[in-house]
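Chain naming follows the written order as A, B, C, D and E, and within any one chain the residues start at number 1.
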Amino acid sequence: MYLGKVIGTVVATRKDENLIGTKLMITQPLDIDSKPKGEPIIAVDTVGAGIGELVICVKGTAGRIAARKMDAPIDIAIVGIVDEITIS
Amino acid sequence: MYLGKVIGTVVATRKDENLIGTKLMITQPLDIDSKPKGEPIIAVDTVGAGIGELVICVKGTAGRIAARKMDAPIDIAIVGIVDEITIS
Amino acid sequence: MYLGKVIGTVVATRKDENLIGTKLMITQPLDIDSKPKGEPIIAVDTVGAGIGELVICVKGTAGRIAARKMDAPIDIAIVGIVDEITIS
Amino acid sequence: MYLGKVIGTVVATRKDENLIGTKLMITQPLDIDSKPKGEPIIAVDTVGAGIGELVICVKGTAGRIAARKMDAPIDIAIVGIVDEITIS
Amino acid sequence: MYLGKVIGTVVATRKDENLIGTKLMITQPLDIDSKPKGEPIIAVDTVGAGIGELVICVKGTAGRIAARKMDAPIDIAIVGIVDEITIS
């Protein structure tokens, strides 16, 4: 599970029909200090995340589990919105 | 899910028989500013993508789901054609 | 399986309902000399790991197996607490 | 799916019994200009690839699908021999 | 499948109960010239590998297949001991 920040959206009219109705968010991976790390990815939002929010993302089969769409070609999803990070 | 740009095609006559009929596209991964990022990969097109188009790719099992070919050795597929990216 | 050190926790009130009750730990990947390597990730603790402990993490489906939650969107878990590393 | 070039072979007498009979080829990943990229990996050949040939490799479950050996510990396989790459 | 060299062991008393009885080996990934490449990982030995031996490792589900433990949180395993590498 990875930290990310929602920074935008993607619109794709021509797409796999099992992706219809999914919300595709551009998500910037972050390091622990909330600095950008690597390139943005496209994640399916499953928790109502908004632009600017700090989120938890998962990859692979976990993405389809989160979306409750095991027959959709999803490999990354947003599964939580971060309230607080505590580093000890 | 990853942004990419279709830049070419691959022809392979000798291949796994479950790949027969698939369209293999050379796809250049892009960063959010549409600049090339990393090396091109070979993706199975499932949405009728053309050369030069900006596309959404998935990896792993999601690739076979997109191709509706669970018994084919596919691990990357094109699942959407990008109309618009909005960064906020 | 990867070495890591538990360095913090994440609180996310709005999350996938199948993640309710999981303990999300910020885990810093380590190299063999116990020096930080790469960025921290978020792992589901399944063995009662505490802050500062050296742990073994797994990725992918193995994370859901460790959590005994095959229907939860988990892709990384802590599966062991390291007592000793011997390099020969 | 990734481009590679077959550069050698590996012999392992002591191995998982479900790997007996597989042909293990050292494969150098290539970039789009056919230049080496990253370190060689070991791929199970499923299409009769020879030394020096340009091939298509897959990772993960797709490797076992290609080998028709779902109970063998295979995570990379050669699934095609490249005839032609066209970059537009 | 990846080349590695067994360089040590890990002891973890508190661990997932489905890992009890597995032998956890510190394995250094190698490049084709047998030089270290990247950081050591922890692999479950399934072939009786000893310290100093050159081995073949697999990742993901293939690791559980090798260990004959589909319900254990394993994502990397040693599946063969290298006798000879031939680069042509």
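Please note the rule applied: a residue touches a chain if its C-beta (ideal position, glycine included) is under 8 Å from a C-beta of that chain, and two chains touch if they have at least 3 such contacts.
On a predicted model such as this, the values are computed, not experimentally measured, just so you know.
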Between chain B and chain D, the fewest steps along chains that touch one another: 1
Third chains touching both chain D and chain A: B
Topological distance between chain A and chain C, in contact steps: 1
Euclidean distance of C-alpha centroids - chain C vs chain D, Å: 32
Shared-contact residues (touching 2 or more other chains) in chain C: 60-61, 63
Cyclic chain order when read starting with chain C and heading to chain E: C, E, D, B, A
Chain B-touching residues of chain D, taken from the complex the two chains share: 1-3, 31-32, 37, 46-48, 56, 58-63, 65-66, 77, 79-88
Footprint of chain E on chain D - complex, ascending: 7-16, 18-19, 24, 26, 28, 39-44, 51-52, 60-61, 63-64, 71-76
